[in-house]
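The same chain A turns up in both complexes below, where it pairs with chain B and then with chain C.
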Partner chain A sequence: MTVTPYQSRLREGPYGFADLLHAEWTKFRTVRGWIIAVIVGGLAIAAFALAPGQQGSCNVSSCTAPVGPGGEEVSDSFYFVHQPLSGNGSITVRVASLTGEIPVLTQRAAMRDGLVPWAKAGIIIKASTSPGSAYAAMMVTGSHGVRMQDDFTQDMPGLPGAVSATSPRWLRLTRSGDTITGYDSADGTHWAQVGTATLAGLPQVAQVGLFTTSPGYLQTSLGEASVSGGPSVATGVFDHVGLSWPSGAWAGDNVGGGGGSPGGTAGSSRAADTFTITGTGDIAPVVAGGGGAGVTIAQTLVGTFAGLIVLVVAAAMFMTAEYRRRLILVTLTAAPRRGRVLAAKAVIIGTVTFAAGLVSAAIAVVLGQRVLRGNGAYVYPASLLTQVRVIVGTAAVLAVAAVIAVAIGTILRRGIGAVAVVVMVIVLPYMFTVAAPILPVGPADWLLRLTPAAGFAIQQTLVQYPQVTNTYTAASGYYPLPPWAGLAVLCAWAALALSLAVFLLRRRDA
Partner chain B sequence: MRRAPARGTRRADPEYAGHALHAEWTKARTAGGTIWLLLAIIATTIAVGSAVATATRCPAAGCGQDPARVSLSGIDLGQAVVAILAVLAISGEYGTGLILFTLTAIPRRTTMLAAKAAILTGLVTVAGTLAVLGSLLAGRLILPGHGFIPAHGYPLLSLADGSYLRAAAGSVLYLILVGLLGLGVATAIRDSAVAIGIVLGLLYLFPVAAAAVANPHWQRHLEQIAPMSAGLAIQVTTGLRGMPISPWAGLGVLAAWAAGAMLAGGLLLRVRDA
Partner chain C sequence: MEATIEVSGLRKRFGPTLALDGMSFTVLPGQVTGFVGPNGAGKSTTMRVVLGLDAPDAGTALIGGRPYQSLRRPLTGVGALLDAAALQPSRSARNHLLWLAHSQGLTASRVDEVVAQSGLQAVIRRKAGGYSLGMRQRLGIAAALLGDPPVLMLDEPFNGMDPEGIVWMRGFLRSLAAQGRAVLVSSHLMGELQDTADHLVVAGRGRVIADASVAELIATASGGRVSVATTAPGRATEVLSAAGAQVAAAGPGPLIIAGLEAERVVALLSRNAVPFSEVSAHRATLEDAYLELTRDAVEFRPAPSERAAR
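Entry: the complex of A and B
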């Protein structure tokens, strides 16, 4: 009788990548501290969003902004001398001067002569006098020449240069159905088309006329880290008003309430064919920072940093515990292809932290906004797609940071070094530039382009508008890189760290 | 007959404490990383401080910049290296099992921890002083070229000036207290990676959270209790009135954090098995 020798049912090596993943998942799953760390990290992210003190700093009037045709919050206040236009037609005007006053910041309620860069005087065709309604306008500005703007976000340049008595500007708007075309001219005879605007659903009877407005004055100091300012006023002088229809009576309206007009100076006067209109406010999208008073949904994600540190500790130990316990010898004996071991670890830690980050960021963004609004804060609106991007992106930042921690843990073979390095390269640049900015804007922007902290750009929801004066700094929520480019910088650092880790893991004795 | 425990016979023996100090000094001196970490404290502090000073401009009087804070901003990073040094001072022993020998040789655990704290304080004092003096020297050389001139209200950085001296000496004290905070946390936690995570979290998370909280009332309170925000008030030489906390009170807050951590660490060390 022959005895069949015992044969192990276990498969012989080399193991496939799926087996490596299974092995690494088992290691992670069975260490209670790491599972607790993932839960604590996730809870920290959600908890910060729901903590008391999550408020905005806006007052009542700036908490409720009108909504423009594109769905964005806008400021829409200006002095408007207008009459109705039924159907098609055109309006022509000569702007002879644009002057203004800006606040003296050292003295309360004192003003001095001056013009803010985006002070506006010109002609406008608007659906109605209610703030936020559709419009197209031709205007001269404080220091950006002639512009054609429509529906708050569109801006096209016309003739450059400032307006004065010796170089007046002629402006014309022509309505043909839903299409409005803007022209400018330096002499009233040679006209150039500046642009066209399509205002879908413009009513048959639109309000047409002259307007002046002047956005708030901003002065920055501390390298744009500190902002002060106040409302400004502008006065435009118009003549040679030409209408393609028989002129009716002109009506004067301070559109948008105009409650903030300094000294109540907004208004108009008419002498023969010359109109003088003084206004304050702006026709533009609302922006955050020095020029705005709301908060972004990124504020609900401040707990990302707490979660990040906890998850990075777990990720670093996931690798360095192998060295501490000499488990690395067993691991590398079982799977001699070392690069694949590291890849498996990166996949497992990345997946786990991504999942934890996704759940907690979703809770933070959804519930955090409710808390903020419940506390009376004005939260800048963000589309559903943007919110999904912020949530998924935050989870991705956490996952990539965890992978970097595994890589640096491999390079340094010490948990403490890995944790310290990751915190120093991700959290510290953020603190220097966004949280407690000590750097001027220029160098701060470079830090946020080059360091792994660039990844937090994925949390930004604000749009920069060149036609709105504001401190577009990282500290007020405007990153130098677009969202996905910022995340790509973080990923590039992860790829670099992983490459170095694989190189060293292969070269060194375990 | 039962013998009294060894610790009882050694009470109030100055020679014993001297041995403990000598042992800790030998360990610190011969551990491979110590000298590199000390050099890193000096290098990172001066490098970051010089970089921030190079980037900062004061175009006119009333620009609101604080030359002491700018020059000493490297402390923000240098403190992380101090924390590593402090955490490794004790958790390095747990990592290798050396702690068993240490506590066999010096059974009075409080004495052992005090000796570690004393050696750590000495090391951080030396490195911190060099780092602070180097940073101030760099600031003194760089800043006048960037508009920090008497005409703009900024006399040359000098230790003869009381507020600059306070910022300089206070920064060294700040680093010492961060070291003790790290030592206390690491004694309580034992695992170096977790301990450094907690210490850096305590230092860096408060300012990040304070910046995000828009409610000025909460923001002020956060900055008053945060070890880093409050402690670094010691560096402020301009605009003191607007600060949430005065310089020495701020350093006191950090001292309270450090004392709390050392107390927790010391108690756990006494009641726990090594």
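Entry: the complex of A and C
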């Protein structure tokens, strides 16, 4: 029998990975349930942001903090005994003691002797008495020795140890143009330079003098899960005041105070050449959490976990439906190179969830801030660039989580199991450490370093300052990893899951 | 590409079960090759191995001389229907064909062509989950034809089809083969293939039992036997047995005589005045041939020891 074998009428055209992407996209968009899930997931994120949510009692005057020279919000309140200095000059002082009072937390309005670690007493050269203006200062502290600090965020260590009558500290600041140099000494004879600060645009006439302040007292229990505290006061005793210019009259000001000192004790007294200054407050950047009073823009994205669960379900089903319906036979017949099939699925689900996340996170951050402010809650400002990073990063977290769901779905071949695993490794660690923190800080921080939940670090906008006492916990917006490092941990998990999925998909019979 | 399927020495074990035990055959273009055998004979597993879905422990399976995995646009080389139920129920039948077309770089216009060929135009926008098994088989045929392939491989395509559908399917398969395509169709019911297949590969217990044209198989199964139509089967049996023939009576039908030529049978019956209306060379059905061939290969047949124990 002679037969003419059949010749296909279809022309050979270009063919490649793009065709697989096209096929997987067609698959995804033609199941209405999956499209609905993506929309619902996005709406969930936006809905959490727009819901009534966090209340507060802020208005423009009570919650707007002064802004420091670097643009960050600062607290700038201290008792200041000062006089003007025109041009260059230097001030020297001996701090004879630093004592204070801290609240007795079990008794309302009661105080006991004590000093918070970052209580400060020393000398300062400041552009003006307006809160937030530029400054450089030398100071003794409650338990961090002598420090030189300037413009709120800079901090340099000097002599260690606490100050007392038997072990006083001598401090000196010298202005030369825009440059301020700080020195310290234990005996007033042998001096050491602590550091220099450049205060750009320091006016010709600066305010120079003595100051004392004392930040709020914090007590944590249950591994920092529970925080209590209250305002504290400190009193510094100064003598041997030496000025390089003829002394004028001293003025006393409770800078940034508004009478907020416990018992109204802030103030100064002078006996002969000894100054005693009592102050409360802090000269430092504003921090969130136990020691702070507001919320971050991450608060507008609390719905991320809910949206993530919905998107993860859609992503897992995108893969496991193939197994449930044995459609995988058709898929792998159409595309025998199995790694490429999984890659195409990952690209499609990643792109779809990223797009949904981008839109919903942008809505949440932009409109959610208005809602919070409208409610009177104080929202820490974040730069435009930071907000863009949070929005794009949140979309990336959702996309990578969806890719992990596809990979786990391939490994387990069961939808419910895949969703359970992804929720367990991403959502639960986040819930227990950030949203509803029930874990002690130690284990919580390790979970946020090691589990895929580390990716949520991309939502943090706050910076940790060692010179500010605070509960730097994930729950108050401080993750153990920097934003991009956290996202990298999540991506590493996705790479691991995808590798295992490709290995199994290739090895197993379909 | 050459339109052939070559299966050679396939072996495949699933746990304790030896699914393929040296399966070898070749499917040639221009004819419908029936792939028959009882359940568990290894037909589906062979097809899965050909499509690269299962990896064999040993042996090769080639399409036009090449392994399936090396085909660039595989559906333009082979069209396959393995499992008509392999569908996402919430996706419309047309969209099922559409993603499959996109996966091969084909367009929606090609989808419309195969929809017309399979006669599904009226229902193609319905959700595939609402399709009857017969409609799913047609959809599976449409999917197999998407790439206009020279080789078609269909696993049990007659399952669940109504009589009208079966007639359509037979004609359709024959027309595809007439175009020069190689068409491999599996079935566990020989009757379905009786008027469709030109060539048969009979499988049992993971290997090929017979690989021959339909005409050859029927001739072998007929085996020179003679069929006798008589109104006195008892008397005829008596006479013919006495002459050394083996006589089989299958119900009210004709007697089947082995061991005597037709002329001898006529002479003996005439001499003994046994009435008969017809003596003819017995022509076996394909079903008979199949049952005879697969008698030893049926998996669920009780072993002799089990029978003795009853």
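Of note:
To be clear about the criterion, the second predicted complex is superposed on the first by the 486 of 510 C-alpha atoms of A that agree within 3 Å, B and C clash if a C-alpha of one lies under 4 Å from a C-alpha of the other, contacts with A are read in each partner's own complex, and residues count from 1 in each chain.
Basically, a contact is a pair of C-beta atoms (placed from the backbone, for glycine too) under 8 Å apart; a residue touches a chain by one contact, two chains touch by 3 or more.
Bear in mind that the values here come from a model prediction, so they are computed numbers and not experimental data.
In the superposition on chain A, contact is made by A:305 with chain B only, not with chain C. In the superposed pair of complexes, A:313 makes contact with chain B only, with no contact to chain C. When both complexes are overlaid on chain A, the residue A:510 reaches chain C alone and has no touch with chain B. Using the contact criterion defined above for the overlaid structures, shared-chain residue A:110 touches neither chain B nor chain C, since it reaches no partner. Within the superposed three-chain model, A:463 lies out of touch with both chain B and chain C [touch as defined at top]. Contacts of A:434 after superposition: chain B is touched, whereas chain C is not reached. Contact with chain B, but none with chain C, is seen for A:414 once the two complexes are overlaid on the shared chain. In the superposed model, A:32 makes contact with chain C only, not with chain B. Overlap of the chain B and chain C interfaces on chain A comprises no residues.
Only residues 48, 52-57, 221-223, 226, 295, 299, 302, 305-306, 309-310, 312-313, 316-317, 320, 324, 377, 414-420, 423-424, 427-428, 430-432, 434-436, 438-440, 442-443, 475 of chain A touch chain B when the two sit together in their complex. On the side of chain B, the complex with chain A involves touching residues 51-52, 55-57, 62-65, 69-70, 73, 76-77, 80-81, 83-84, 87-88, 91, 95, 191-197, 200-201, 204-205, 207-219, 229.
Of all the residues in chain A, the ones that touch chain C in their complex are 1, 3-10, 12-15, 19-20, 22-27, 30-33, 321, 325-337, 509-510. By the touch rule above, chain C contacts chain A in their complex via residues 2-3, 28-31, 48, 51-55, 68-69, 71-76, 80, 82-83, 85-92, 95, 98-100, 102-106, 110, 143, 147-150, 179-182.
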